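Letters A, B, C, D, E and F mark the chains in the order given here, with residues in each chain numbered from 1 onward.
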Amino acid sequence: MFELGVVKRNIVRADKAAVDQLSRFGSATVHEAMGRVGLLKPYMRPIYAGAHACGTAVTVLLQPGDNWMMHVAAEQLKPGDIVVAACTADNTDGFFGDLLATSFRARGAVGLVIDGGCRDVRDLTEMRFPVWSRAISSKGTVKATLGSVNIPVVCAGMSVNPGDVVLADDDGVVVVPAAMAKKVADAAAAREANESDKRAKLASGVLGLDMYKMREPLEKAGLKYID
Amino acid sequence: MFELGVVKRNIVRADKAAVDQLSRFGSATVHEAMGRVGLLKPYMRPIYAGAHACGTAVTVLLQPGDNWMMHVAAEQLKPGDIVVAACTADNTDGFFGDLLATSFRARGAVGLVIDGGCRDVRDLTEMRFPVWSRAISSKGTVKATLGSVNIPVVCAGMSVNPGDVVLADDDGVVVVPAAMAKKVADAAAAREANESDKRAKLASGVLGLDMYKMREPLEKAGLKYID
Amino acid sequence: MFELGVVKRNIVRADKAAVDQLSRFGSATVHEAMGRVGLLKPYMRPIYAGAHACGTAVTVLLQPGDNWMMHVAAEQLKPGDIVVAACTADNTDGFFGDLLATSFRARGAVGLVIDGGCRDVRDLTEMRFPVWSRAISSKGTVKATLGSVNIPVVCAGMSVNPGDVVLADDDGVVVVPAAMAKKVADAAAAREANESDKRAKLASGVLGLDMYKMREPLEKAGLKYID
Amino acid sequence: MFELGVVKRNIVRADKAAVDQLSRFGSATVHEAMGRVGLLKPYMRPIYAGAHACGTAVTVLLQPGDNWMMHVAAEQLKPGDIVVAACTADNTDGFFGDLLATSFRARGAVGLVIDGGCRDVRDLTEMRFPVWSRAISSKGTVKATLGSVNIPVVCAGMSVNPGDVVLADDDGVVVVPAAMAKKVADAAAAREANESDKRAKLASGVLGLDMYKMREPLEKAGLKYID
Amino acid sequence: MFELGVVKRNIVRADKAAVDQLSRFGSATVHEAMGRVGLLKPYMRPIYAGAHACGTAVTVLLQPGDNWMMHVAAEQLKPGDIVVAACTADNTDGFFGDLLATSFRARGAVGLVIDGGCRDVRDLTEMRFPVWSRAISSKGTVKATLGSVNIPVVCAGMSVNPGDVVLADDDGVVVVPAAMAKKVADAAAAREANESDKRAKLASGVLGLDMYKMREPLEKAGLKYID
Amino acid sequence: MFELGVVKRNIVRADKAAVDQLSRFGSATVHEAMGRVGLLKPYMRPIYAGAHACGTAVTVLLQPGDNWMMHVAAEQLKPGDIVVAACTADNTDGFFGDLLATSFRARGAVGLVIDGGCRDVRDLTEMRFPVWSRAISSKGTVKATLGSVNIPVVCAGMSVNPGDVVLADDDGVVVVPAAMAKKVADAAAAREANESDKRAKLASGVLGLDMYKMREPLEKAGLKYID
């Protein structure tokens, strides 16, 4: 549940070692390692190809057309953080641009995930400051109405708590609860170990039908082959 | 964060007296009384005009195209509950129809809020079983993949915990955390007391500009009148 | 595959008895009886609550903003037909209004399914001429570019052949291939026979979990109950 | 082009007799009479079936999530006006409810067209205060940022000038420039005179193909009939 | 019409020479050469700029959130095939990633067109395995419910039969029925021959108005020039 | 208000010096310099990264699926113009491709902004002819129905008059009325002068909270810091 007008200063960030470990995997692998959960909706897209970020969430709740809380959030940033910004209404205004990116980077932030719009994408691309957003828009915002910082938010359909690990790449954005970070990182590693072997087999022409032993369950489910 | 394959049996439901008190207000009033938070996204619409429900949430996490968990949820229902169903992906299939409504009603449920599709809307309308959904669709579902019951879910952009109060009407759906139910009900009552007086004044031709004393702040903000 | 500029005069309509039999069921039941296929996308909505139609398809392929082919189609209508209109591009213009409805009805048509816009909805509602459309729009159309009549079309995501049975109600629109009409009608009847018994059991408080014997497969799939 | 922070007090309203004349027609007829132009996009829908309004536009430019200017607009209303509200960004918040409707009605307004959300739809329906909106939403708004009143706006894709005639019904919303009101009303009347004759012919089974003499142009365009 | 649970093994593929000939043209040219038909809806986008593929269709019908049939399809692939995957409901899950791409390529497939989501886009881009999809999403899928392989499907609004030629590039995806492949390839060649001459003329400043002799028809249609 | 079938030959273009001056800024800066107005909706996207154009508007009103007026517009182009094309209905067809681009460039046009679809994007990218569109689509159009050239249009939610300055880049598209061009260019310059200083401060770790003196207004608005 959202509370407005509140900034939480002390948050418990996920363990740094686990964050580093998670940062080596893709969002798809991590989401599978968690049991196929944790993803933001796929309308969240990186502003440039190859964008990649993994950090601990500082959360922001914005009001539509108002980026006041982004400045409040900047002060709460620590090195390795990623900002996760939700909005109380669907809004595509350009809440974020190169000035805020400069400020966030100066504070050590590694990226931004925003369920709203972003602007100055050319500058941000040159800076290699990665942003995942629902839109790109020149539209400016005001500083008039309070939201909150570091409260639990729902961003693009997923609940995010301050301190959670957020991993984002070309495929999307996944959230790992701080308490599960180490366990999920290990599960992701196990999963990945597995993959290169599978890839080699498939490349040699082995069928998934055989490699995953699907023929029997398919037959049981009633699959019929006809000519 | 979502966990799959889990059913929580004992949940703490909001206080019944507070639920009753809240049920007398509209979703707009309750949302304002909470500080203008708590709403599901407006794509959630009632299947018939005049639908109204207020109850304690039994939450369901569905997989796309699969309504298995709705049957699991039925067993967890107690009189006065309202089912809140989320889905792991955007999906408009008809997860719910008149048979499930019959079962839910037999268990005492007062309605359904589903971030998915609903079918048999003619029968449901005749039964006056209120449903808020993102779509109406004849499309049937399978029973093949586990979701969960009574875990925290994100439904139409809002996080809902089992036991929360959910109030839905023609204007939308609002969620009140169980622990805040009484306080919010009181705030809503205070708000409403206020409203009939305002309505009378406005009906007599008094302007909101004067009643809310807006002229000075508007001038300060720089509003210019021209002819 | 679409061919433009063609009107097929002689089409094989589904057997009338089967059409009559199918008309007694809902779109959801018929779609399930076919093996859970045959539905148009759920953005197709009736212009008034309670709309219901079942007939043999006369198909139309329209160009965006152009309703010339609707007049061509009128001549091909026989009593019991339902017009199914697709468009070569997504378009919400008002291709159809009360004049065309008057003409269609005079030719014996029982309704219209159009992947485009419809207008004069108040008049159509008074006439009880049922229409399922993707939009309601006052926007008029021209008569300048050829489409086709009675070729196979894709309407709202479903392929429809002239002569197929099209059944539409509050829940959506389902297409039954002419050759399968009788078989599907029988399957629907069997399905429905079953339903009233199930409804009674569920109303008495029996759980779907028990009635459908789901407890064992759920356990096998790994469902865990916690307190 | 939009200017913010401005209220124009003296606007030239369309001639009352022409407004009255236009009010007898549907939005589709009027739009055709203007040469098939003037419509708002079809996502603008009435909050209840049968809603109808025709008046002179008082325009409002709103900021997302902020309804301050609605109160400013109320003071500018004269009997017979209809409020046309645009927003600087796509936004579905509930900018308008029964209190504002009470105030608008007390000032003589006949309805509202808003490219945003509306709430209290049950009360508004009971009051028969007609509203066309892009959404229904309980979400409340603040009063913090200036927009404008009675400047030219773009509402749902159509430019509207203060004083223009706005006619809205079940099919949509059409805007007639004040200077053209009389001419369009006459054209609409001519068009309608024509229609009842056409309707009778079509009802008797005459085809549009013959009534509109389409057979020759269709043949010229290359239409082929096959068996 | 869709049938579930069926795999057709022997399909008639379009003539290889015609496929090769078609592969030299763009999707726009081929679609025009067919008489301006055959396109999938424009929401289907390549996962990287410059993607290009032309092959014979192996069709797949998927269930939402379930990619079981993709593995079944792999076995049916022959060199030069392109997989065309439809889904029984709108779904953006990541049905396809680098492992399946490795398998498809090992079987000789030249690309994938999927009315669903795709993941591992960075790896796929490095592999230069071209995919056209409605979304990019990390979301994993299960293997639980049967669809079909090599039945006629509707993919992104277009009906596709197994063996049809599918040509995809930056502009979109076009389907050429196997039986028409040679004829369409010839028509495309004729069209293209024409184009370079036109381009030279236009580059020299000749107007389309003159080159296409539009002045007279425009005048006839009533176009007025004013100063 | 739109009039169909009209071409205005003599339009007053914005002052060339002001256009040149404006062309040095980004769309975000210019929109802010105008008082945060003037933007087209953010669904308008460039067909390639890094696209940039600034010119005087020649406006076109298209009918859905018909690009006749684009050829009419070509004749009205003068060096430094940018074409702004609106459509009477939402339509994503490919109204524009490399042949028209060749013609437009030969006439001196610097780009195209079209509330419709565009094709031949690979060729256009190679030509570096910048286009902002709502879609990319192979779909061809006809030449059958009149629109207009150089009348006021509404393009992607913004009204554009012939001769206005249109500036487009990666962030979006902004329209500056011809009469305001010089004043806005000056305001943009002032704004930008300011920015590099701010950027340096933020890069050094100064917080926006302090640089913009936000702490006091935030406190006044009621922001609470908790631990």
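Couple of notes before you dig in:
Operating definition for what follows: a contact is a pair of C-beta atoms (placed from the backbone, for glycine too) under 8 Å apart; a residue touches a chain by one contact, two chains touch by 3 or more.
It should be emphasised that the depicted structure is a prediction, and the values quoted were computed from it without experimental measurement.
Common neighbours of chain B and chain C, by the contact definition above: D, E.
Contact with chain C and chain D alike is made by B, F. Residue contact pairs shared with B-C exceed half only for one pair among D-F, C-D or A-D, and that pair is C-D.
The centroid of the Cα atoms in chain B and the matching centroid in chain E are 42 Å apart. Once the centre of each chain is set as its mean CA position, chain C and chain E turn out to be 27 Å apart. Chain A and chain E have Cα centroids separated by 31 Å.
Those residues of chain A in touch with two or more other chains are numbered 36, 88, 90, 92, 139, 145.
Pairs of chains in mutual contact: A-B, A-D, A-E, A-F, B-C, B-D, B-E, C-D, C-E, C-F, D-F, E-F. Against chain F, the residues of chain A that register as touching in their complex are 5-10, 48, 68, 70-72, 74-75, 92, 94, 97-100, 102-103, 105-107, 117, 119-122, 125, 135-140, 143, 145-146.
Per the touch definition, chain C reaches chain B in the complex via residues 26-28, 31-32, 36, 39, 42, 45, 49-50, 169-172, 174, 195, 198-199, 202-205, 207-209, 212, 214, 217-218, 221-227. For chain B in complex with chain A, the residues that touch the partner chain are 1-4, 34-38, 41, 88, 90, 152, 154, 157-159, 175, 177, 180.
By the touch criterion stated above, chain E contacts chain B in their complex at residues 63-66, 88-93, 139, 142, 144-145.
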